[in-house]
């Protein structure tokens, strides 16, 4: 498995990034660059579908964007002035490639391609109904439900059929669709997953994050708003609001970990927010020590914020190998332990005899934290204090983030004190939920939170039609043979 | 491209072979052997679907059976006591693997797999209607129509749904289906393509040709009859005749070229029939010469028949390379010319100064015949006489045989005399259509022929719903975007 | 393993074929075609080295010529007007590619490439001496000894160094070498392995068999004579005879099995010789029967000869699969038994109730014969008589032919009667050694045989320096660590 | 090409890392881990040779250690309690794998394997002489000279032969050899390249850097000293000093860039030295600004030192993509420009309106510096000051570091002022050579420098037998044909 983000074995993972462009020669070459910049949102598979005015062209591959979509022959095949793309985390098994997006189907009214970031919380229920009606599913992806709803809609225009389909789904969806009427971008009424809009010359661009605009030299226009559907075609750009209005609840974890530090999310710099979280953490949970050491690389901005607010020096106490692009890590729990040693090494000459504040962005299973603390102690640290730039992660996400089942989340099983003992830290503190909102410039509205913070609070913004809060599927009336 | 059948660049090609077994441990290992024996019916791709009582397992691959389905890991994965398989000619392009059979879908009532030999002559028309109704097609295969018709049938049992579906299709189909009710074998009312039934211990087997029974040591029971549907399951074997009765018209070309000489087709030995065709040809078109030389390998039995009937010695005047498994041949017309040289060589020491009768099974485009005659002359032949073991091939087949478009068939453009000049033969003769029937022990009924001989006579046994006799598609009411 | 020659599991195997050309644009493209025509002499690996006047270019690959040397990029890389090539049987293990010929080395006086058909019978002894002197071997090939002898020779001109080197080796060698002085072709004093010389326009060609000349449209000039060394360069063609004169002993088995039937070996048509062997066999061992059935494909000419001499009809009683290019066969003894079934099938409709004469070219281990006889009996043969177109193979070959160790040769363990019982034939006869010479137009000189027939008689034409007659290595003074 | 070290297109590159172990079960699995930790020293190819007491086992592969040497089957094949390994930068072309080390040969006295870090400055000259004597080279590696010198030595014991061979070579060599007498580690008399010795239980380990000891949990014993030869076998560890004594000159650039920051080189922490270089740089070339921004990742320690010494805040002004493991970069100059954009992005929200001090470790060609300065300006930086943690790189290295030819080194063509204009920086300063020695705790001895600093000063510690200072080969008496 390819992974270069250190310690990400014990992180939540964004499941997708999407990118689309209308109106540029060799549209797919821009999509490839944009997806490369979004690679951190999904590293297992990637795909692009383009349209040349007459035909659709698709290519999907397991693995990174680079190595698959930087090949001349591939990009040349994906001809046309409009294209959408998708990067994806975790697609496994024999039929893997069938689940790689963008999904495409030839419907009676023409081709239809869709790239989806998010997760539908009533997909299994809808799938059962469509199946009984005679629709044949090719993938295990929730996204395919959207295509079949479009195909079987009783409306006639592609846009009406899509709107009809989206009216039936629940959950999180930032979508890019190629339809005979144009490129459609849409964000669910709660705006759970991000989607921004940009411009490069005459071309219109949509992307999960602003870094994807940066990489192609495009400028940021605005966010696609929660509940908004934008269509771009020869007639220009039109915006619709086909859904019942709802109070937006964008994902707060994008700021904590998912988004790249150089992205602007919801109008604020991710890097600045993370530094502020670190500073807030220094206020909430100061401890006297000699060094502030980030857990690389995601803990760096919060550690800088902690260091600057506390006056204690920021130092690289953990050195990560530059060459973890291909790793020895196997997917079994066993070998993961060895993984830390391969990917990181204590800077022992620095640590020896010192009191260390370790700053990390989150604790999921806790397995990595155990090893990092031990690594500090083995290197001679006198004290090891752990500070976490997010509240305890207690609940699973059902909106497009890969979370272990709830019982594997250490914070759903232990309180902070027990976790501290478990990871063998001299002290442990998480930022408070209110502190996190403060770093974002908000005061949390406890009765109607301004963000989706369900992974910390359990307050899910939608009904969980397909499963209960522990992720167990609700019984279906029909059990498939397979 | 893998091809070991010499000169087959200029042959009609059977498009498929199928094999299925019910009731044997490691059913898929038998299917692999059976498909290997049927490899001559389709060399581009192969697939097997098995059922282990609980789950379906599928593997499909481009290329030969050997090299793909003789691997332990593959066969072990395809577990279960029932399995069906398919070999296929010519699947191209990006979505190639999606067209490789058996096709499989999870329907509301359980899994459904189908392997199809033949071609539906109203597939495009049915596909348009299903598409408008909301069915999404994944392949360009006519066979997928059957699955969608089953999925959307208003009947409730799998068998009723399949019967309902088959009631709507036209053309040629020998089918093997895995359904929740059992293994189903079915042959269209005209019985255009073959299908036989065999037994090995307790197991029941279906195959396109008897050689596939031989290879696994099974015994031949009987043909699946035209219009018959056989279902095998724990309850035993049941036979149905769900279709309106029709006079059978099995394909005559199976005897001329498609079937292996060691197969028994319609109760007669293919080898014996081909020798009789050669003998008949000697009666119809004797010429005085020194040697009877077969065009290897398909011309050998007819040449032996010609030699024995005429008393002229049978000799190997053309030696073929044993190592054409992987060939230099590229798909362009240009390099094909060079191909003959690589694959065959004149036995010049034998040919020098002799009068030669060349015996071949058929002439399609004529390109190869030109080169063989020239090769004989270059080797010093004094006279070259060509004798063909089938009537002139003047019409395309729409029932599962890969035919060039009609204008490329030399016999649709020239009479025999002109062809003789074109290929530079001292004389040329084709067996008559009546002579061909005589070799089969029949007298051709001109008003209701006992066989499908449309490639020679243009008398198609079904309506050609999707296209006209030249293969041009009839206009559809809807033109797809792609 | 790729193999398309039926039943060749139980045949002796020629280990090499060589081809070289001087003076043609894109010389390597001719070499590729020539090697393709010689593929029957070695199917495991192939290589070409070319020289463009300035640089040498080399490509070697495991597998067939086709698939490796019909690629534009490869051939374009192998630029120049002179090139030599090699096909090889059986190279295994990690260091496999190092053993693939032509071998190449940059010597002090320039590049040196060599392609070798044959086997040196004192290679191990020479290797030990060179090793102790400081020469480092890269392959396990006996041929590498030649390169090191050239490199360490005290003579100064490349040709003198080569002559010096060849003066020290014993055994069989038909060689093609690229040297700074030109293309050198050489055949050992006994001429054990064949080597012919041809012409195409201004270009000079050397090849193991005439079929390789045919395939590129070249004409046959003459054999390179035993003990002759020919050098071709800008100055023309010169011939030398640097070795002590010896009575030639060319390999008799080339006529029996190795050479292609359309080749001319020692001035006689291989096809004609094989037919004469069959006729001779009919005279020596006639039996009354209904059919003469060849064991395909190598038994065909002898069977035709037997049929024509005896008046009994020649029939295809065994049908071989066209698609054995890639086979299910694994290298274990076990699965080989199953192999026969996959590759061949009895033509049961023909065999049923008949008395059959089976004609095969040789019996090595006997394993295949057992199965063929059984296959005939299973198909209903009333009697099965086996006739073999060579004398009993009782001894191993040490001159470039892959032979099982002597104890595996059935004829070294049993007399004819016992073998007949072992293979369960109603009768069995081998042609006599004198009959075989008669078919070649000779009378065998028992004191000084005109051919190398050691595999039948044990009369080896050279000293066996490295091993004894059973193939066991003689003790060396130095045992290598590895 | 795999590369994860950002901006390393414009860095000098260490050409090798070596690792060996004596006396551990599954020695090769430790070597694999050790090489993984040394991956930054060579990313193009890797190899391991083990010895199991009887046989040698070798595996070499293009690409990273991970992906090649973390496979069970490979490691299991490399059995034994002693093994050596090598990572290598830049091996290209057809014969690539032949150059991948450890090299191995079977000599008359047993197997011999060698892994070499460094470069011999008289290799071409020695090769010519060996070649004329009859030695045949298989690679283009300078290291192969050592093997042939050993093979042709007139001494009898392996160790004597090796000592004899090393007495003839000049230049840089840290070596690990497997010989029939044991594992030999050796460092050239000047100690140009590093080599350390460690212990894990009973096992003895040698490695290029201490991080490779850390990763397997081994403890550091001492450096192998310049001019020392250590042999480990069943009899224990013995040390020899077979060469004439010389004043050591270890490479100073290891501290600047090559070594990992968590390594201890020459007894000092690389991280601490780099921070001190940054502090020294702040003293030598302070400038008033708002932010100190490291060029990631190699500029980070020096930037921290600069920040702490100057009191200006350290900030991540450039964000690098985590996913540059596989990059879009093609080897042409053109696309490299685009490369910076893909690998890094300005943290524009931070940079906008600020005065920025950029800290980098070195400038080689200057191409990347141009782009980074421009990136800062595009992000709105008010001023951009560049500080470099090494003196101007003006001379090529001939001791195992990949350097562009001298004319490509920007500092050999321009003075500091001109470079500043070329890269468009408001100011530019390099640390002085004396400042660099100060950071290392030394005062540079101008007449006999304590380090090899030839890349900055042109004072090469050895004769350059094969070429002149511009890297042009001196004329040889013999010009090879190829």
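Order as written gives the chain letters A, B, C and D; numbering starts at 1 within each chain.
Just so it is clear, a contact is a pair of C-beta atoms (placed from the backbone, for glycine too) under 8 Å apart; a residue touches a chain by one contact, two chains touch by 3 or more.
Please read all numbers here as calculations on a predicted model, not as lab measurements.
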item	value
Relative to subunit A, chain with the most remote C-alpha centre	C
Between subunit B and subunit A, distance of the C-alpha-averaged centres to the nearest whole Å	51
Distance from the mean Cα position of subunit C to that of subunit A, given in whole angstrom	64
Chain centre separation (subunit B, subunit C; CA means) in Å	38
Where subunit A touches two or more other chains, by residue	none
Chain pairs that touch, as defined at the top of this document	A-B, A-D, B-C, C-D
Residue ranges of subunit A in contact with subunit D within the complex	2, 4-5, 33, 36-37, 39-40, 43, 64-67, 70, 211, 214-215, 217, 260-262, 264, 269, 271-272, 297, 300-301, 304, 308, 313-316, 319, 321-328, 341-342, 345-350
Subunit C partner contacts - residues on subunit D that touch it in the complex	54-56, 58-59, 94, 105-111, 128, 131-138, 147-148, 151-153, 180, 478, 480-482
